[in-house]
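Going in written order, the chains are labelled A, B and C, and every chain counts its residues from 1.
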Amino acid sequence: MRYVRNAWYVAGWSKDLAVDKPLAMTILGDRIVLWRTASGGLHALEDRCVHRLAPLSLGRCEGERLRCMYHGLLFDPDGKVVEIPGQELVPPKARVRAYPVVDRHSWLWVWMGDPARADAALIPDAVGLDRPDYVLGHGQLDYAAEARLINDNLLDFSHLTFVHAQSFGSGPQFASTPARITPLARGIRYERWTENSYGSASRRSAEPMDNFMTYDFLLPGILLMTGGVFPLGTAQAVAFAAPDLGTAVSGVTFTSQAVTPMTDRTARYFFSWGPHRAHGDEAQRDILMGIAARAFDEDKVMIEAQQRVIDMTPSPTVMPTAHDRGVTLFNRLVDRLVRQEETAARDAA
Amino acid sequence: MRYVRNAWYVAGWSKDLAVDKPLAMTILGDRIVLWRTASGGLHALEDRCVHRLAPLSLGRCEGERLRCMYHGLLFDPDGKVVEIPGQELVPPKARVRAYPVVDRHSWLWVWMGDPARADAALIPDAVGLDRPDYVLGHGQLDYAAEARLINDNLLDFSHLTFVHAQSFGSGPQFASTPARITPLARGIRYERWTENSYGSASRRSAEPMDNFMTYDFLLPGILLMTGGVFPLGTAQAVAFAAPDLGTAVSGVTFTSQAVTPMTDRTARYFFSWGPHRAHGDEAQRDILMGIAARAFDEDKVMIEAQQRVIDMTPSPTVMPTAHDRGVTLFNRLVDRLVRQEETAARDAA
Amino acid sequence: MRYVRNAWYVAGWSKDLAVDKPLAMTILGDRIVLWRTASGGLHALEDRCVHRLAPLSLGRCEGERLRCMYHGLLFDPDGKVVEIPGQELVPPKARVRAYPVVDRHSWLWVWMGDPARADAALIPDAVGLDRPDYVLGHGQLDYAAEARLINDNLLDFSHLTFVHAQSFGSGPQFASTPARITPLARGIRYERWTENSYGSASRRSAEPMDNFMTYDFLLPGILLMTGGVFPLGTAQAVAFAAPDLGTAVSGVTFTSQAVTPMTDRTARYFFSWGPHRAHGDEAQRDILMGIAARAFDEDKVMIEAQQRVIDMTPSPTVMPTAHDRGVTLFNRLVDRLVRQEETAARDAA
């Protein structure tokens, strides 16, 4: 797995972590236990006791601490063992790794790299479920495929014309007209106008209109997408640049999506989607979630099949196409940062 | 897996391939997509898009062509990409492997070796489901075992006395009297008389008779078996040579069977069986298929257990017995041809 | 897997081996077939035919012999092939390994090492289901974990306070007071007094009493445990040595447990438990078995999770604690004996 470690990975939904109920999650092959305390503390440790490697996620919360329920070792939130039953002294080496963790935008974000570099300002601006201006539904899917394949999928929307011909009802435009793709410091920006169109399933209009969509795809695998329907001629008027979404006549929605690599062949996909409150209500949100359920299942069928083909291919190589500009830019960014991390690790060693 | 590649492998039943419904099959570890067109075309390609390795078997038929439904690349039946959405030029290297494929005797036959050597005359003379002189039932079984173990089973019928004591009701003769085994250019021929016998479950007679059975076992793993019941004394009269089946008094049946290696631990077994129309009807066919269902399950239990033992054995070696003449001849033939193919491949490289 | 081979392993319950019904079991990665004959014979062979490696456990008993039901080879109980259908001579090398096997204390014990060293006197003194002085229930569990982890669990009872807080209702004493642990020639002895206690779920008393428990944990993984409730002051009176169990006022039980390594990631756990007839009846036995069902499931959840963590850990290392004296002593004994066996094997080679 080549993934950036100095990044915030989504470990789960904030609402799914109850007080004093430890939760296990695997990210980049690391087993992690997260827990939340009555005082509001939020902690994440390596999910592996120093004694005999039992998972701490089967443990018991005691105040801010977590006790391994195999032989009772007690851990501080910083990973230090503070009590070993039957033994006076606790050796200083008795500690597990602690991970920086932040609860923001309805997600639990875990920093997988050097803790000294963990900067909450790097958490992408996802739209949380409690944002008053949006009416959001949400869900998650487990993939039997590596996360990179899902990232690649989200970085090239030309697949909408084919994979989602039925669900999103996307026409041939996605595959025939290029999007504007711009590199960002930690990802890429995707923008496209579809002029003189009745839209697709999630953004249908009675008259032909100009349709705008844009998303940022950010490290480690976060998609933040919005867009809307504008009067005919808007695209030309703004010279195909990004419009002021406040001037959209309808169809403004927001979706936040996160792809988390668990192991080298499994990933978890988190998503929310829904209309801006000015352009839709709970009923419209439910329609969107119905479309998403169908479309995301189409992706999953294709990507898991793709993974199986790759696994049976002796030396799998890809042949990028013109639509792969976003994929290529993003993967180059990942490669560059991974190399930097490897160099830094070697220098530190 | 040591299997001859220059041979026709059964990929499936002809009737199971509907027009414009691509079908995935794995043979010798190669993932293959087969499709049939409204014009009667029959095509087989490597089931892996050149772009990002998605399976073409999830694709859409367009005339004679097949479109990958991930990002829309369009393939000619010869494997060449003829269209890449969003891109003017198609690079010449954009192609996948095409496999010669023939629809014959109710089966779809795929040539896994050098296409230049694909010769439809090498397709064994199986009896198709539509042959007017036989009343055939059919079926298939998936094995969690390598194909060679099934071939070995079919090449030594002494197992009937033990594995199929109940289903075929085979007596001790199979294990105590040798069959005549003759090498063929692409396989072996097996012939045996059972004199003065009431037959077995599939060919029972009220009086003691002479019973004849014969099969050819041909590359890559095709069994074609027939036989019948003859008046007492016939075996001696024909000096134990093959009789004219037209002179059989009853019990003439035909079974065609094909063993297709999918991966190194999976295989698919196709079979048909039934009486000659002069010696039986649909009711008799159904009786035979009932016997086959039970017997083939007995084989599967034994062979899959044998595979599990082999997999747990550090250096598995066999100890051939006198009954293994057919097994040995056939496997030597395979080894010789595989070595020839390996030499040819090295010379070509 | 580092396990002593010169030891008696429990292959199953005596009552589960019916006359003429061969039984397959895997011990230390060796596939073994056991069978019992009408004459009272009990035999164990390598479960793998010399011919094509079919399992003999699918075979048929014929007198004292076992016939492979693939192609009919017939085996003597000493592993020698005595008949090959269709062949006059049986080559002398046609034999499989025979294992010494003994039926004792309701279990079938198989010696996995050098047959010349098999000594039935080394079979631990388990209490069989037919012992008149105890009322025993019994059961077994299959683990998706290596046997060593279960041994480790049974060698350190401080886990009772944590894993079994609910089922056995063990208080913090197990984790806070040390037991007396004594090395034995082929294992360790564990003894502990819990003074002035109401006991736990399996041995509750109305008044505070002195509670004694002791077990031997013997090669290859046999636990034999007993104990009882004594008048307050007994512990001090006997200077915390082992009391005469005949003087217990209540709560004397006996449990025999066997951990058998099947493969390097699977094990089978056999157990019986129940009250001494003077201290309980069938109803009390059923209460104990209910507690055991719950507690052993708690162990299984923890140990299988521990195995999964270990399997995902690049270089798993443990950090022993003060409670690990029994674990350490026993594993050192195993290591020393395994090294001796390895040396002996090298010298013999």
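Keep this in mind: a contact is a pair of C-beta atoms (placed from the backbone, for glycine too) under 8 Å apart; a residue touches a chain by one contact, two chains touch by 3 or more.
Per UniProt, the chains are A, B, C = (2Fe-2S)-binding protein.
Since the structure is predicted, the reported quantities are computational estimates derived from the model, not experimental observations.
Interface of chain A with chain B: the two copies contact each other largely through different residue positions, with under half of all numbers used appearing on both sides. The rotation relating chain A to chain C, fitted on Cα atoms, amounts to 120°, rounded to the nearest 5. For the pair chain A and chain B, the distance between C-alpha centroids works out to 48 Å. For chain C, residues touching at least two other chains: there are none. Put simply, chain B touches chain C in their complex at residues 152, 156, 158-159, 161-163, 172, 175-178, 301-302, 305-306, 308-310, 312-313, 316, 318-323.
The touching residues of chain B, when paired with chain A in their complex, are 26, 29, 31, 47-48, 50-55, 58, 67-73, 84-87, 91, 93-94.
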